[in-house]
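Order of writing sets the labels: A, B and C. Residues in every chain begin at 1.
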Amino acid sequence: MLLAFDWSQLAQQTVIGLSSGALWALLALAIVLIYRSTGVVNFAQGEMAMLSTFVAWSLVHHGLSFWEAFFVTVALSFCGGVGIERAVIRPVERAPVLTIVIVTLGLVFVVDGIARWGWTAETKSLPNAFSTRPIQVAGVAFSIQDLGNIAVSLGLVLLIGALFRYTKLGLALRAAAINPQESRLLGVRVSWMIAIGWGLAAALGAVAGMLTAPALASFDQNLMQPVLLYALAGAVLGGLESPVGAVVGSLLLGVFVNLVGTYVDWVGNDLRLPVALAVILGVLLVKPAGLFGQTAVRRV
Amino acid sequence: MKRALGIAVWLLAAAAAVAVFLLVPHLVSDFHSRDLAGAGVFFIAIVGLNLLTGYTGQISLGHGALMAIGGYTTAALVVHEHWRDVWTIPLAGLAAGIVGFLIGIPALRLSGLYLALATFAFAVAMPSLLKKFSGLTGGSQGLSFLESSPFQVTGLKGTVTVLGHTTTANHFLYYLTWGIGLIGLAIAWLIVRGRFGRAFRAIRDSEAAAASAGVNLPLYKTLAFALSGVYAGVAGSLFAIQSEIVNPLSFTVLLSILIVVGAVVGGLGSLPGLVLGALFVKYLPSLAAHVSTRPGAPDFIYGAAIILVVILLPGGAGGLLRRLFAPLTTWLYTRP
Amino acid sequence: MSKSSALLELEDVEARYGQVKALHGVTLDVTEGEIVAVLGANGAGKTTTLRAISGLVSRQGGIRFAGKSIARRSPEATTRLGIAHVPEGRGTLSGLSVRENLRLGAYVRRDRSAVREDERRVLGYFPWLEERADQQAGTLSGGEQQMLALARALMLRPRLLLLDEPSLGLAPKVVAEIFRIVAELNEREDLTVLVVEQNANLALDASSRAYVLEVGRVALSGSSPELRRDESVRRSYLGY
């Protein structure tokens, strides 16, 4: 029985799942970054990533290579994220959570509008980030694209982790998130730390978008909507307060959704998203703090 | 003396509101009456959501899904059981109220953003669920009154006769929707004024304090969810009656978001501004399109308007009204 | 050169929390090298006074540090002038380690070698911090957290130390130790201290001058020995 089971298919589907999960992890990490420093989920994170991807497309359209456009877009997205925070979020920094949530929902429309206004509706596609050749590992074929996504994503996560743990800026960012008032007394410009957090989140989103797009024959404004939902599910699974959780949760979710979609016929391809949503609901009902979170502390 | 004056002012305001309600269809085109009826649907849902979020502080991004329950209950009864459309409204409200109550139970364990996320997930999942249970819901096609049960549609022939008065179908829809809306508002007002309202507000301001004062938290919180569900169900039912068709795409997460936006713009925790919230949500898209038809411009204007209103008017229209009338109310209600 | 050698001057300072006025015109000064205490009952406005100096609460009136007005400065800017504020409840950043808390104390400083030197000096006053360097600050006891807060404030190399209710919630022995260290710092390093304390006994022992606040105003002031002998102070705050 064991010998008849297609292990290579399992390995392949697991890697494919990890690859999707890795990209969701970037957006999930962005969401957790902002959540930790402001207590708000940025519902516009996906749309911002989509806009970044459109910018990347324009750069490629004007002659830059994929990777040249990639780095320019990341830099521009960081600035964009800081700008959005300063312009739109700062005025409501001290407002109740629901108000800020509505602002991010309003942002969804605003960013969507900018995307539709600045770019025509013609189909767009991004060139592949990595070669499309398959690669053989232990006799099983994997796509370099999938492996590349996982590598870039994990590399970026480690880079951000290092920033937070080992640099003065990272220390200030963490302090500002833990205790804003006390941090101000230590000289930390908390307001700017929040803005930088938004910038980092926007940059992460941009990478997620630019790696998601090439896998599709063409993409439009709806590019990141499903990704946002999967990222939310991954973040909730791992624990909204935990960056490590966001990444691990998304990777696990990626594998889970893909395996369920592959092996359970009833789910197939249509119900993958509801599976993710069921995960959100399930986690929130059983252990809201997620896998890596401490019991959810109420912000009084 | 002042007290009598206060009551007089109050009655005058109420009479004015009723007068406006009765007269508006005669002042606008028939088509606009239908549009206003659409705004009425939002109004009812918004009043219900305000009871939940404004008064007990529980955030729900899933009330569009509760509207779907109401809408599909009506549709199923009309299409499968051949009920008259208007008689399904109470049942639709009840069905959504029960679902609201069922959601309220696990919601007890969640707070703030976590509850928002859970209800958000529920709202996003609803269209897929509706598609999956196609036996009852008609799948992606949905249910069409005109196709399956045309004779159960009130106003099919373009006019409706009630108690001897004949009006156009659009006027009928307006009066039906806003009539129910005003009754719903009155009920909400009574609830808010009474014991329930006090308990709700205590819960919103401090759950710990409310519990130690003896307020039965689980009971009132789930009750609030159930009540807001009833309102959403009735709204969904009226939506179905107005459109004469339902399909999964009528009830996307966008609807849930619009209800929340309408409640916040109208003013959470107060009732007067909610009409403005409903009008805002209903008419802003078309207004935005009027300003510019360049692709993307309506969305941008729409989003920018929402952000600006929320930043500039934190208390919503209700807060603004309260501030405007503060001199009058202070004069009326303070002893010299 | 300014007329007085006052390091900190408050002139008719008012402060409010939203609509509620907490300070109704506080006037006090602190000279370089002094330890000055602010006494008063709960709600008298002691903590608010420190908050007004740092800029954590909306305030009006004259606030001058080393001759220059700081009445419009944000907390971040006030710290950069060399005013270290140890808030009520210690303000420990509990999610960070002890070492990280200390490092943040020197956040605004750019002189890296001097910071390292200060780290060594500060650890000299609190040797046990070295062993606990990688421990999560939130797991320390109340007294230890208070000493960490003090150590962290020292990392700024402050010209003025604002100390808010250091004895709050701590055992007498621990509190005595803390005040001993403050006195030593004042002597050795010439650290100027403005300490707010509900425990009048301790505060009057530790300081050379004191102010008594009542309902947001200065009711009494004078040298600490004088105030100790004052009848009303004895009855209301010293209990005999």
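As a convention for this text, a contact is a pair of C-beta atoms (placed from the backbone, for glycine too) under 8 Å apart; a residue touches a chain by one contact, two chains touch by 3 or more.
Everything numeric in this text was worked out from a predicted model, so none of it was measured.
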Inter-chain pair with the most contacting C-beta pairs: A-B
Remotest chain, subunit C as reference, centres from CA atoms: B
Nearest-to-centre chain - CA centroid comparison: A
Chain centre separation in whole Å, for subunit C relative to subunit B (CA means): 54
Subunit A-subunit C separation of Cα centroids, rounded to whole Å: 44
Length of the line joining the C-alpha centres of subunit A and subunit B, rounded to whole Å: 34
Residue numbers of subunit A (touch at least two other chains): none
Subunit A contact footprint on subunit C (complex, rising order): 54, 56, 74-76, 79-80, 85, 87, 91-96, 100, 103-105, 107-108, 152, 156
Contacting residues of subunit A [partner subunit B, same complex]: 35, 39-41, 88, 91-92, 95, 97-99, 101-103, 105-118, 120-121, 229, 232-233, 236, 240, 270-271, 273-274, 277-278, 280-281, 284-285, 288, 296, 298-299
Touching residues (chain side subunit A, partner subunit C) in the complex: 168, 171-172, 174-175, 178-179, 181-190
Of subunit B, residues touching subunit A in the complex: 53, 59, 106, 109-114, 116-118, 120-122, 124-125, 128-129, 131-132, 257, 260-261, 264, 268, 294-307, 310-311, 314
